[in-house]
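Following this line, the structures themselves.
Each of the next two complexes has subunit A plus one other chain: subunit B in the first, subunit C in the second.
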Partner chain A sequence: MQNSIKLLNKYISVNLRSQLQYRLTFVFEVFGTILLTLTEFAALALVLLKFENIGGWTVGEVAFLYGTINASFGIMDMFFSGFDPRNFGRHVRMGTFDQLLLRPINITLQVLGLEFQFRRIGRIMIGVGILIYSVQTTSILWTGEKAIVLFFAIIGQIAYFGGLFIFGATITFWTIESIEVVNILTYGGSDLIAYPMNIYPELLRKFFTFILPAIFLNYYPALFILGRPDPFNFPPYAHWLSPFAGMLILFFSLRFWRFGITKYQSTGT
Partner chain B sequence: MRLFIEIAMRAFRLQMSYRAAAIAGLLTNFFFGILRAVVLIALYDGREEMLGLSLQAAITYTAITQAVIGYLSAFSWYDVANTVYSGEIGSDLLKPINFYSYWMARDFGRAMAALLTRGLPIMVAYEIFIDISFPNFLLNWGLLILTVLLSWVVSFSWRFIVNLPSFWIPNAFGIGRFFFMAALFFSGFLMPLRFFPDWVVKLAYLTPFPHTVNTVVEIYLGVLSPVEIWLAFAWQVGWIVALILVGQWILKLGLRRLVILGG
Partner chain C sequence: MASIIAVKKLDKHFKVRKFHRGRFSGFQNFFTREHHLVRAVDGVNFEIQSGELIGYLGPNGAGKSTTLKMLTGLLVPTGGEINVDGFVPSKQRKEYVSRIGAVFGQRSTLWWDLPVFESFELLRHIYKIPEKLFKKNLDEFRELLELDTFINTPVRSLSLGQRMRADICAALLHDPKILFLDEPTIGLDVVAKERIRQFIQHINQDRGTTVILTTHDLSDVEKLCNRILIIDEGKLLYDGQLEQLRQKFGGKRQLVVDFFENYPEATIEGAEIVEINGARITFEFERDSIAASDLIGRLSSKYRIRDLEVKEPEIEETIRRIYEQQLLK
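Our next item is the complex of A and B:
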């Protein structure tokens, strides 16, 4: 365990040093990441000037959903980039994954250490920025309990999307190419929960409640913190469920990952 | 011209051969399209019409934007920059065709294949599942085809320019990303331009970007008067001429200092 932590530290510092080699490129990329999320949010916020609300939520309230998910997706994306199906698929295709398997170190740890994308700091910063904007415009009455709910919500989101990255990476054992359809669950899922869940058709909402429990990650914590009523009459502790939903997905993804490794056949390149 | 068609045909066939990728891309584009349609439906909140667009037109708008993602390479396109970094450009420059026309031909073939395998199926899927509107007269179909073609030329000519910094710097993707982002916003891809405040629309029209997606959307939906339609075409052609000239000029400067390492 102690060894693993030491190794992880090494991985992180190697990644950081190599990414800071091209200082200007790094700054450009951080800035680019900030702008991307900002333009997407700005498009919605500007349109809300004329449309006033979406699903009964004001721009400040939607900003709460938007900011939270972008901050936690940014954190997740930074630490799980090794599993990002797009990057990981390349290792399977080129056969570099075989090299990792030969080393006498836990394989999950090694894949985690393959890449830490520090430019994602931009997405975290803009997420926090949008969250602060929301807190200022909605005049939330903060309590200790609400702060903990928010913290748990973020933990749940990181685990959930990290789990989906691992799931997507495992699939590439069979498909070799990374498949774009996984994007529906990862990027699509994070886009989906950036809006109030009551705007979705019932079928879609039920899917993201009972099959993939994404509704608990962002929507329920936000309802609680913003003091909005629950239109679906869930039990009053629903806003605490985010970490459980996240861990559930992470747990099953890791199981699937280990199963995938036992079935892994090299491409031979 | 024959060479142009030959190269375009090859690029077309190459793109057509990625069948699994096309199906996966189709599903993804469709899912995100539905998501965006749901957001617009929620924004309309029971209203029949907002700012000159009916609800059905707004849903159709999401279909069109999703349909042109592949066709216009809306998210990223660094094909030229990649050949500069790999050195492949060396052999491309030896080809008996002007370098600019060569890339135009390649991108034309790629774009046409994307339109067939990703654009049209999206529209069909939308029509089956959600019911969208179509241009109602033969003339409108003709205008639509013309503007769709012109929008590709506008798109190609700015995408080519943002690939050119690769002649000067070791990583041109950061700069490129800025332009692709600006394009998503100002082309009316994220939201229809007419939903934005006036000052944003004015700002957008200082750039070439609205003359790609937004013009196609407005001509498709038939919200422009005949005069406005001709004006839209004039703007497209004007930007095409300007961007192609600028692109070729920067290319000339870049080629003068290009060094290809053997290997």
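Our next item is the complex of A and C:
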């Protein structure tokens, strides 16, 4: 295990160096994501300011949801890029995955090390920035408990979306056509939980509660931290459930991934 | 002696999706999932002893790479058994791959953006190669493969021949017992091919490494391998020595004779004239029906001979005939 961590470190530093070799691209991409996330949020804020609230939430409160998920999705994307179905599908087709299987190290670790994306730092920074803005405008009363809930929420979000990446990557062993369905769950899901869940139709909300439990990732922790009442009458510990929801998805995705490897067909030549 | 590789009734079948063509094909492809089965490897048996250097031959799409992918644990067989040095390759993957080396000629195992030497350094960590061994091996391979001129160049800027040499070196740094090479000389010039052949031979003889290589270049096989396996359409057609294959299917031998004078009608029993070029006549004769020495005796009793040469059929020609006329089936 210790050796694995050391190796992962090495892989990551190799990646960093390769990425820095194309320094200009790197800089452009970091600024690109910063600009993109900022524009998105600015557009949202403009709409919100006009309506004053969304589902009863002020701009500052929505910014809490928005900032948190952007920061944790950015962190997830940085670590799990190797599993991003679009990247991973390419590696399968190009045969890079074959080469990984020939090395005597844990395969999951190698895929993690394959594409460590430092350029996601832009999205993380913006996410944190928006979160800070939210904390200032809503004047949250911080307690130790709230800080821990936020930390757990982020852990859960990383695990959840990392799990979806792994699930999508595994599907590319069979088909690259159905990948878009998983991408909708991943990107659509992360967009969805950037807003208060009470604005959605019941069916959609139930899907993201009972099938894919994304409601616990961001919404419940935010309700608790912002001190808002729960409109759905969930048990009072619901804001602690984010890591469990995340680990559940990650766990099943990893099982599926292990199974997928045994069905892996490689490529013709 | 127990064999180091044992393959029994090995199968690999691929389900390949059928795509429709023509009008409305996109529509049809979207709604239907028809498959057909490709028997890439079909009931293959063989055993290989430690220290052998085996050539694995067959036309395009015969199943060579698929076999090698199963032997290296990349693919799980559809049926049959593989045992390599006590391992089932697709199980215990990590333990197994640290004992073998593999190069799939079309692809590099090295890090695209890293200088060659740093890729090797990374492999040292990955395979946990003791410092001393690493240095000893690298020094030896550097010299034999002449890596020094490009050892600090990033892999992406290497020529094909350089990349192949770097890859072969990388596959051997951890002292594997068995080396799998899929088309190690593909696309290389004559000099580069020769260098790689000599190196493979050296590794096999000096270290006793068992080597299996696939190739389309028969001079690789002629120079390196005393045993060959031929596969076609997934079935193993031949397992034995190259020389025997030549004798069995080699077809006609040729006798090229330079006479002192022009003999336009120098006929001789047991041989056919295939070419007359001034005083040089080329005869063809069946290996089984007459010995070369008899033929020469008959000729020299009638004509004055300056020089002569017996030519074996080209091995390329032999193998081509075997594939085309399906002589082994």
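In this text, the second predicted complex is superposed on the first by the 265 of 269 C-alpha atoms of A that agree within 3 Å, B and C clash if a C-alpha of one lies under 4 Å from a C-alpha of the other, contacts with A are read in each partner's own complex, and residues count from 1 in each chain.
Basically, a residue touches a chain if its C-beta (ideal position, glycine included) is under 8 Å from a C-beta of that chain, and two chains touch if they have at least 3 such contacts.
Treat the numbers as computed from the prediction; the structure is a model and nothing was measured.
In the superposed model, A:106 lies in contact with subunit C only, and not with subunit B.
Shared-chain residue A:3: touches subunit C; no touch with subunit B.
Look at A:21: by the touch rule set out above, it reaches subunit C but stays clear of subunit B. Of the two partner chains placed by the overlay, only subunit B lies in contact with A:53; subunit C stays clear of it.
In the superposed model, A:195 makes contact with subunit B only, not with subunit C.
By the document's definition of touching, neither partner reaches A:176: not subunit B, not subunit C. When the two structures are aligned on the shared chain, A:148 is found in touch with neither subunit B nor subunit C. Touched residues of subunit A were counted for both subunit B and subunit C, and B has more of them.
Once the two complexes are overlaid on the shared chain, A:265 sits against subunit C while remaining clear of subunit B. Residues of subunit A that lie in the contact sets of both subunit B and subunit C are absent, per the superposition on chain A.
Taken in their complex, subunit C has these residues touching subunit A: 14, 65, 69, 72-76, 90, 93-95, 97-98, 102, 104, 106-109, 111-114, 118, 122, 125-128. Considering their complex, residues 22, 25, 28-29, 32, 35-36, 39-40, 42-44, 46-51, 53-55, 177, 179-181, 183-184, 188, 191-192, 195, 199-201, 204 of subunit A touch subunit B.
Within the complex, the subunit A residues that touch subunit C are 3, 6-7, 10, 14, 17-18, 21, 94-96, 98-99, 101-107, 262-266, 269. The part of subunit B that touches subunit A in the complex is made up of residues 20-21, 24-25, 27-28, 31-32, 35, 38-39, 41-45, 50-51, 170-171, 174-175, 177-178, 181-182, 184-185, 190-191, 195-197, 200.
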